[in-house]
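Here the chain labels run A, B, C and D in written order, and each chain numbers its own residues starting at 1.
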Amino acid sequence: MRRDTITLTNVPKRTLIHLYKLMLRIRRFEEKIVNVYCDQDMKTPVHLYIGQEAVAAGVCANLCKEDYVFSTHRSHGHYLAKGGDMKRLMAELYGRKTGCSRGKGGSMHVVDPEAGVCGSTAIVGGNIPLSVGAALSSVMQKRKQVSISFFGDGAVDEGAFHESLNFAALKGLPVVFVCENNFYATHSHQSKRQPHDHIYKLAKHYVMPGFRVDGNDVLRVFGVARQAVSRARRGNGPTLMECRTYRWKGHVGPECDIKLGYRMQEELNSWMKRCPIKRFEKRLVNEGVMKKTTIDKITREIDLQIHDAYLFGKGSPHPDENELLEDVWNLN
Amino acid sequence: MRRDTITLTNVPKRTLIHLYKLMLRIRRFEEKIVNVYCDQDMKTPVHLYIGQEAVAAGVCANLCKEDYVFSTHRSHGHYLAKGGDMKRLMAELYGRKTGCSRGKGGSMHVVDPEAGVCGSTAIVGGNIPLSVGAALSSVMQKRKQVSISFFGDGAVDEGAFHESLNFAALKGLPVVFVCENNFYATHSHQSKRQPHDHIYKLAKHYVMPGFRVDGNDVLRVFGVARQAVSRARRGNGPTLMECRTYRWKGHVGPECDIKLGYRMQEELNSWMKRCPIKRFEKRLVNEGVMKKTTIDKITREIDLQIHDAYLFGKGSPHPDENELLEDVWNLN
Amino acid sequence: MPWTKLQADAIDHEDYLPRHDGDRRLTYREAIREAQYQALEIDPRVFILGEGVDDPGGVFGTTLDLHKKYGRERIIDLPLAENGFTGIAIGAAIAGMRPILVHMRMDFLLLSMDQIVNHASKWRYMFGGRQKVPVTIRAIIGRGWGSAAQHSQSLHGLFMHVPGLKLVMPSSAYDVKGLLLSSIADEDPVMFVEHRWLFDQGDHVPEEMYTIPMGKGRVVRKGTDVTVLAISHMVPEALKASKALEEKHRISCEIIDPRTLKPLDEKIIINSVRKTGRLVISDCGWNTGGVSGVLASLIAEKAFSHLKAPIRRVCLPDTPTPAAPALEDAFYPSARDIINAARLVMRS
Amino acid sequence: MPWTKLQADAIDHEDYLPRHDGDRRLTYREAIREAQYQALEIDPRVFILGEGVDDPGGVFGTTLDLHKKYGRERIIDLPLAENGFTGIAIGAAIAGMRPILVHMRMDFLLLSMDQIVNHASKWRYMFGGRQKVPVTIRAIIGRGWGSAAQHSQSLHGLFMHVPGLKLVMPSSAYDVKGLLLSSIADEDPVMFVEHRWLFDQGDHVPEEMYTIPMGKGRVVRKGTDVTVLAISHMVPEALKASKALEEKHRISCEIIDPRTLKPLDEKIIINSVRKTGRLVISDCGWNTGGVSGVLASLIAEKAFSHLKAPIRRVCLPDTPTPAAPALEDAFYPSARDIINAARLVMRS
């Protein structure tokens, strides 16, 4: 597979702007969280995606509504990029009745079945076999749906990851494994947990394509994901993508955590310089795809949506006490 | 690492005979099981090792008494090769009080702490992390003990296997992973469970040496294991060995299971032609290491031991009912 | 949906129902196979997966040759990866399939606890009812021949504690067919526990498909002196015991089989205890922390004033399973233990 | 062996013991850390492993900076591989070490069920007592801030059902130090469950090492009308409740904390119920199939004739944990619920 077939010039302008918008929506949405979190009304542990937006955007821009996404504790980016309803996400973070999970899930458990967001799990690695199961279902139902699991470098430590790759490869299932290697699981660096730094190479062992991608370059991610998705859709089996990227905020919560000392300010700085959004924005402007004014307009539109979502979420009613006992199971 | 440093001529005669005896003891012991099983007094599910003897023998001939072995449901070969007490093994199969597990374990749970047989588990893959833990203990206690896990191609499917390789490699632990690839897990061929047939190559991913060995050639197994064990003992970390071999009997029980139809008579025949014991015996005789008469003598000695073990096991008392509640835990 | 009418027609045994005595008899094993066969036939979303499901043995005969009819695309042998493949079954269910996952031995299912407890059982709730996981997990339990500590466990007790998961333990061929179909039809994850010692038991089993409602127990035998609440393989043991009790000790047992433990038919149990005032609970799991304790505490709470004597339980002692036949004999409860317990509760 | 004398001197609270009131106070969190610090000090076989044990946060402060003193060879951060690393801890214990395995949240431990239940808990029995597994598994439970279904579970109820495993749930800083040392000294696997809402609670904690025997409960408060049997975080809630009950309702509660659930101090509970005739059980786990049911069924069996009213239980309702604060409020029991339950048992 050639990876460099994607350039600014051979991707439709529409797609370029879509990618940009996808990333910016995630960024601005989470910046809103950062702003309001101290009000202590958003009572849910938030794992922010700021810095990693290119991965969700680059992958999801290749998907149809019917395709499946299974996400993790760090769910907002995947949910929004796949087209999940923003208002209901905000309401969910506020634990409101109108939330996408009706207030039962919180930040780590978001869903939008109509948009193909099948749910997110807070058990590291737990979503990977689920995504393989959905891919199996797609084949058995003779649909062309592709299934995606997003997961971190931490999930690579888990046996479930290996069991999933093995089965998907064995059966040639339409699934794309998207590892977002941000180098840390909580505060533990990859080198403290893995004797190597070549996650993507495991693909070869399971006889499937594996790629390492600059996860801060949305076009690269888009290009590799395009091939992986189309390969899956054509019935040629799974792909493993390792997208190297970086989270800017602490593992959980809205703050910067440099003071904890497990990572260096310089490391963070160097990644912030490679901000996926700014970089892409600069290229788009430099190469004349967008004007600075368009960007401002897009930003304003997105901020308005976010403000609406905020008002909707914050203004929605809390669930009633008696909803506690609902949704446990169906007793016909 | 060069693998071909081991030949008939550069291994001490003593060792060659030891290897031969180790294999023959296992074979004859299990043939005894085959003979007596129909008496319905040996009420325990037996997973026979016949055909695979070169693996246990070749590996264990490199070990000291203090080294650790963690075994599986197919335990007899590992137990005997590591020097476990034969009488108590037979008694255990008979569910007697004098058994190595005092009748509590049966065929799948055998132990001989004094001989470094740390136990065997009937959960496929379950012993692999245990062996890594013992290796960790060896390092922490600054001992030079090497830890071995034997496991099948089926265990390779399990996440526990991967988690164990990862940790052992990460910490450079003195453990040798010995995969006995007999191509089947119960009745399911490797190709029905794995998209590849190169188990040993996984080692490379975890940055440790990995070897494929003819598991029916005791000298090859011995040679590779020698390097792996000495590497571990020198503090240079783990090794993965894939020993290709074949089981002659059914997955469980004393009978041939060709009639089930999941494998072909020809396949079995071709492996029986490569009988690890007969092959080695022929070489030893041909090259003048042993005489035919020595072999007969060895066989007689072994058979006598086995007969003694049989009399001991069969003649031992059953456990008392009140032993049922013992050994659950220690209440000081 | 092919299941709607079947579920609506679910056979609701109001109180005591004489056993069907049609002339079509199947064993428990055959009834399981037939239920699956028919489910596969009427609903393309149904499929079976498990280690060895296409094996010459066919999981003790319960999936025998199904792959010959439905192909290995729908009868899927699996790598030994219990955690992963349970997740795969759940993922398929989330995406609209109706998987039947088979565990030859319940012991191995401990490797899938995360997927069962953290995922399948919570997926509906966590997403406010917007997702569902219609997966049936067949878990086979057994005993004997020195299977020992890791190949013999009846772990259903653990699942009593897991909200969101249904728990079904049929004791007859008739029930196993109806309840397996109910479980497959069900929208939620169902832990379906079968005892190998029931596999050869025969019963009248109608050929047509039928379902039995979840949460409906069965009065297996009417009686007046003592209620014996029995689970799974302990039901036939209780029946044996009841005969001896009647004949030798003039004690009349009423035997109740809850059939589904979650949801539980509290009414049928309470009604019986109200009548007899005495209760023996017999389960094939460990004594402490399992099903029997749940049932005992339920009655102690809800029928306290009707109890004339302390409840007695006949379960496994709290030890791992020993291998030796001599110890197995002491380990496993049987009709004799039920007889003793019933006599004791009659005395106090 | 460094532990023999400590164990021999185990402090055995015969019946009611006034709380120590020395002037050295530690929080629960500090007491855990001190116990580990001292164990590491006296016994080179002791080591700690877990995800993030050398983390700047130090597992809510309980392992804070221990690696600075004892090195990362003995304070081992782990890859996220719960099943594998539990096996590794067990393997090390089999080979003679005394590992302390830390789970920041008990939920993740579902991935290790096979190693805990099939291996650690059976290894001694399966081998006729010739092997032992002295591993301590610290499992932290908690509640609040929308942690939701997979980051909030108090799963100790599952472990009641597992023979061979000890289960310890201290409710005070004094107890947590003594019992953690007892657990490390113990020859068997111990599930040691800590509630995060206790971490800031202070108590008198002697500096010297001491152990508390397994299977010895504590009378936390003497009383005459109703026994409140409370577990872990429900002990302080019960204390709060007892004050209100005394003052507002003239009901005198006796509070019992079993401290170790396996082995269980049956005597202390039965004695209290004998005296009061009324029992409320309060647990921080789910209602059905957990610890509270075990305790209720025990009393229904062994102190039946002393009970003047049906037992009441104050536990979690049988649903996964919801995220929304409004639902969390309804989900979690507190002193108020204990008060209501106590008043109800007094009425019947």
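The rule is simple: a contact is a pair of C-beta atoms (placed from the backbone, for glycine too) under 8 Å apart; a residue touches a chain by one contact, two chains touch by 3 or more.
Keep in mind it's a predicted model, so treat the numbers as computed, not measured.
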| item | value |
| --- | --- |
| Comparison of B-D and B-C (more C-beta pairs in contact) | B-D |
| Chain whose mean Cα position lies farthest from chain A | B |
| Approximate Å spacing (C-alpha centroids) for the pair chain A, chain B | 46 |
| Rounded Å distance, chain A centre to chain D centre (Cα mean) | 38 |
| Euclidean distance of C-alpha centroids - chain B vs chain D, Å | 41 |
| Chain D residues counted as touching two or more neighbouring chains | 78-79, 81, 83-84, 107, 111, 114, 118, 125-126, 148-150, 163-164, 318-320, 322 |
| Where chain B touches two or more other chains at once, by residue number | 99, 101, 103-105, 109, 121, 123, 157-160, 162-163, 166, 170, 193-194, 328 |
| For the chain B and chain D complex, residues of the former touching the latter | 68, 70, 99-105, 109, 111, 113, 118-119, 121, 123, 126, 128-138, 140-141, 145, 147, 159-160, 162-164, 166-167, 170, 326-332 |
| Touch list for chain D against partner chain B, complex | 7, 44-45, 47, 73-74, 78-79, 81, 83-97, 114-115, 118-119, 123-132, 163-166, 186-188, 213-215, 263 |
| Complex interface listing, chain D residues touching chain A | 51-52, 55-57, 77-84, 107-108, 111, 145-151, 317-320, 322-327, 329-331 |
| Residues of chain C touching chain D in the complex | 83, 107, 110-111, 113-114, 117-118, 121-122, 125-126, 148-150, 155, 157-164, 262, 285-286, 288-294, 296-297, 299-302, 304-305, 307, 309-313, 318-320, 322 |
| Chain B to chain C touching residues, read off their complex | 43-45, 92, 95-96, 99, 101, 103-109, 121-125, 154-155, 157-159, 185-188, 192-194, 260-262, 318-321, 323-325, 328 |
